[in-house]
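What follows is a pair of complexes built around chain A, which joins chain B in one and chain C in the other.
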Partner chain A sequence: MGAVRGVSGALVGAVARTVPWRAVGAGAVVGLLVVGLPRMLSGEPDPWLALNLLRGAALVFALGLAFLLDDPARELTTPVTTPRRLRTSLRVALVAPVAALWWTAALALVPEEARPPLGAITLEAAATVTLALAAAALAVRLTDEPEPGPSVAAAVLTTACLTPLLLPFHWDLFVPVDDPRWDAAHQRWAGVLAGAVLVWAACGPEPLRRRRVLRRDRPAGALGRPGA
Partner chain B sequence: MSAVMEATAPPVATDEKRRGRAAVLALARFEARELLLQIPVALTLVFYVGYTLYGLLFPEDGMDAYPALQDVDRATQSGPSVLLGIALLVCVNRAALRSRRRGTDRHFDVLVMEPWRRTVAHALSVVPYAVGTALVVLGAFTWQALRPGAVGHGSVAELAVAPLFVLFCGVLGLLIARLFPAVFAAPVLVILLFAVSVFVSASTGDAEWSRWLSPIVSENSNETLPSDLIGRPAAWHALYLVGLVLLFVTGAVFAGHGGRRTWPVKAALAGTLVLTLTGAVGQGQGVSPELTAAREKASTHPEKDQTCVRHGRSEYCAFPEWTVRTGTWAGVVDRVQNLAGGSAAEQPLVVRQRVEARYGLDGDGTIESSTTPHQVTVGTRWGGNRIPEFASAVASALVAGDEAKGGELCDGRVVTVMWLAVGGASDPLSDFRHVRLDDSTSGSAIVLSPTSPLSMSAGQTDVVREVLSSRPRAEVTSAVKSHWDELTAPGVKTADVARVLGVEAPKEADDCVGE
Partner chain C sequence: MIPTVSASGLSLRYGGTRALDDVSLRLTPGVTGLLGPNGAGKTTLLRVLATAVPADRGAFTVLGHDPSTSRGRQEVRRALGYLPQSPGFHPDFTAFEFVDYVAILKELTDRTARHREVRRVLEEVDLGDVRGRRIKKLSGGMRQRVALAAALVGDPGFLVLDEPTVGLDPEQRMRFRELIAHAGEGRTVLLSTHQTEDVAMLCHRVLVMAAGTIRFDGTPAELTERAAGRVWSSTERAPGAKAGWRTGTGTFRNVGDPPPGADLLEPTLEDGYLLTLDGAGAEVAA
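The block that comes next holds the complex of A and B.
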């Protein structure tokens, strides 16, 4: 146990260095900016605006977290004995306190009278962030790409833009607070969160054998394609 | 020897220039193809084309068969082309940073092609998508313009906004890549830009100049105005967008590692900045006094702008863009008048188109009922529920004498009005349901008309519903014609009307909602 703990201690430092703090930090700062902007305006805080800005902030933070699993040294870390599930979980564990602190700050920036129900909006934010992490895990699981972050962020952003348009009325996720569908929508959010957690868990382990479905043919030594 | 060199030098130079240009075009072609292979771009492109086609093929509302082209051009801007723009922003940004991510920047440094040419090629790779958007916009607009019920004029500057927006997004992604060469910058900045634009428009109280700074400017009102009263500075805005696109491209060429900082680029940067500012100032002027006067005149004295056409007994006065539609109005008037009896069956009417243009497109205004005898108001929109609404206005003018009195009816004449309005329609019950505000066929309700609405009590609703659903049309028509004076006498009881029309009288006495 002591040996494991010793290994983990060294691992924590190593993993902490590889976490893309700049991306996470950019997402966090921009998220706080988005929520804090209406504070500069005089006048009544608007609950509808506050709700949607909080959603926007959660999306920005999720976009930052889409880069969390980027590992420039992936080809070297793949064969190490510490399982990938442990390494990725460690990254999440390192970011989790930051995320919790950030979300508290974001909620604190919203004036109290305009604040949406805390539990429900936190569920939405958690589901959004977990969805981004699950997408990153899926990208890592299905491709050989060491840094899938930009693609994952683009996919998350596109999904976030398309979902409100494409969801049928009865499955709507983005409802205002006083809407009678609020509770039902949050049951669906809980479902999204559960689904994202399952995908994350399923994509955790390093596959024993690589399938060639989504793999790019990249002969060793050649770094890019003609345009790169 | 020197003479020979001088003689051959110019062709070499032009040849090199031509080769440089060919290389830029080849790279642009390659990058454009690569963009198409990106899932976000491909998905939003398919969604954009599919959504536009679906909207054209399966119209939601009967009004879609009668489009006003001055609204159709604006409608091409807000739509999924925005999503295509966002996808392109992110993907162009990623493509421009690909060499950095793959660590091939230093390989490029030894190539003949300068970094700024690569930037230009990335900018050009967006052009095919802008052209594609322009084709979709043109296709959708042409489709609408070819509908038999189309009226009005489109504006080229409004149609240009969607393709320019796509171009704007692409080159913005490129500029972000050159200014902040980090892969996570673009997606995060998209949300920040969006929040800032909301903030700016909120903090300046939706002032005209700040509202027009955003690339796509939508309007609050669904009102359709004559195209010369709309007053959107569309041409200035298109100039502003062109200026922004060129500014971003020159900015991207100028900035970052390997940026070209020669004097022509600096001059171009200054020039495009001036162009953008000119557009921004031009579009922020607000509503001119002449336009305000024209709007005032069209709202209060529409007859000064209108031309009148005679169809049958009645006269139809419309704004010039709508004169082609007078025949359709005449069809409805004839349908209603054929059911009337007495002098009303032969009464010449004046159908006048009226519009509340004083608020522009900022808000919806209501039109006052006309007090001129036998004058009926028709709005600028047509099709769907607008047809039974107009029919009820015609019927109330025939029964009560003018629109204003028609809106105050609360005795048995309401039943007569509703029978005239919907009795001759192909599906009277469905028209009856749709002309009522709550889409019901029981209980009291408001009946919409182009001006002030009518109100129906629950008893009157029951009588009209029974007449429409259980009595043969021919019998009711002849009963109405032969008892016309009785059915249109002021103060007639709903129960008496029900008896004449051969249905059960309502339990409760009259009459109006809220009395």
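The block that comes next holds the complex of A and C.
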């Protein structure tokens, strides 16, 4: 544990440089542009429009975060002693304050009278972003692709476009504030967030678990310490 | 000699393809060459030994450490330097920063000692003068040397090199050959390559893989010996030859079963390799 702490301290600077800041920054800037659009056009504050622009902004930011786990040096840095989970956690920890600031700025761009309930919309944004990160983690876990970001972003965007069209009425996630299904929808959003966190956590370990099976198969006495 | 790496019955399937099929081997200090056609399972074997991917069956140890346990895997990784077939880089890093990053990942936490080690390996691969240059501005050969430096950092006892000379020009390849020979002094190097001349010049031992199995395990001289009496020249392409090509002198060099009275030639390692792949000798020689 001490070693891990020492490594993570030394790692922070280097890992900060491996974060794909351009993609994250692009997502953040375009997201703010989306949510600030009515202000720029001097339009009347519209709660429905504000809600959906905030959703759109969260999606755009999530698309930028879909690149967060891209690692061009993945192949070279796989068999090292510092676990990938630690490196991934560091990247997320470095981006988390940026994401929090960004979301605060996005909310601030929406006039107060048009702003949806903060807790509920923040839950939606958190679920969207976590879903993108879980998809990126899944891509890293299941493929050898060092930079799955573009594919993950495309998958997240497609899912986001199809979900409102394909979800049954009773399971709808994208409901307006005055809809009687608002609370139920946010219970479902909480479920989405929990599911995404679980998937993400499950994707943490590098694919070495199967090795346990080998203990049964190892020929007795086939291997030993050198010279044994 | 005490083996650095000892593997037994390694098998791995990718879908319906048997990438490794009951591979057993022992590696000792020095450079061991791994030859084989594309799809033979060379990279898979290297990735398994580098703990980048687990085998479905079988086991191995590196310097006595068993990677099937978490602690053993860490120990194996501490003893390991790995240069993959297509090493990727963070292009905005300088050569120094990248190798330093890998050094941190290898738990070299003391800044002063780590920087000294990074400078040492960059000097070793002859990149000391360009260590401050961004990787995206380096040539292909220089990038490959950065990757080798990253593999060498921490002075690992077992070095896994997957086709390190692919895509390099002849001069760069010669330079790389020197580096590998130097790296093989006092440590165990497993070198996967398509270049039989690399094996002939560098390796004390050679493995030939095909279809996920080891077809030959012996010295380069023994592999060459397999073609003794089976290489001949002729004025026409010999119909019974397993392989034959017109040389610069206009005569044909044939490999296979020569006709009586054929003008036999001195075999090369490549001839032995071709005949081994052809199934002429599937048994393990050593």
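The rule we apply is simple: the second predicted complex is superposed on the first by the 201 of 228 C-alpha atoms of A that agree within 3 Å, B and C clash if a C-alpha of one lies under 4 Å from a C-alpha of the other, contacts with A are read in each partner's own complex, and residues count from 1 in each chain.
By our rule, a contact is a pair of C-beta atoms (placed from the backbone, for glycine too) under 8 Å apart; a residue touches a chain by one contact, two chains touch by 3 or more.
In this text, all values refer to a predicted model and were calculated from it rather than measured experimentally.
In the superposed model, A:Ala14 makes contact with chain C only, not with chain B. In the overlay built on the shared chain, the residue A:Pro97 is in contact with neither chain B nor chain C. Contacts of A:Leu59 after superposition on the shared chain: chain B is touched, whereas chain C is not.
Of the two partner chains, chain C is the only one touched by A:Thr82; chain B is not.
In the superposition on chain A, A:Arg74 makes contact with chain C only, not with chain B.
In the superposition on chain A, contact of A:Gly119 is made with neither chain B nor chain C. In the superposition on chain A, A:Pro168 makes contact with neither chain B nor chain C. Of the two partner chains, neither chain B nor chain C is touched by A:Pro180.
When the two complexes are superposed on chain A, the residues of chain A that touch both chain B and chain C are 223-224, 226-228.
Within the complex, the chain C residues that touch chain A are 2-4, 6-9, 50-61, 63-64, 66-68, 73-74, 77-78, 80, 82-93, 97-98, 100-102, 104-107, 109, 111, 147, 150-151.
Those residues of chain A whose C-beta lies close enough to touch chain B in the complex are 20, 22-23, 26-27, 30, 33-34, 37-38, 40-41, 49, 53, 56, 59-60, 63-64, 66-67, 147, 149-151, 153-158, 161-162, 165-166, 223-224, 226-228. Across the complex, chain C is touched by residues 3, 6-7, 9-11, 14, 17-18, 71-82, 87, 146, 207-215, 217-219, 222-228 of chain A. In the complex of the two chains, the chain B residues touching chain A come out as 27, 30-31, 34, 38-40, 43-44, 47, 80, 83, 86-87, 90-91, 94-95, 97-99, 101-104, 182-185, 187-192, 194-196, 198-199, 202-203.
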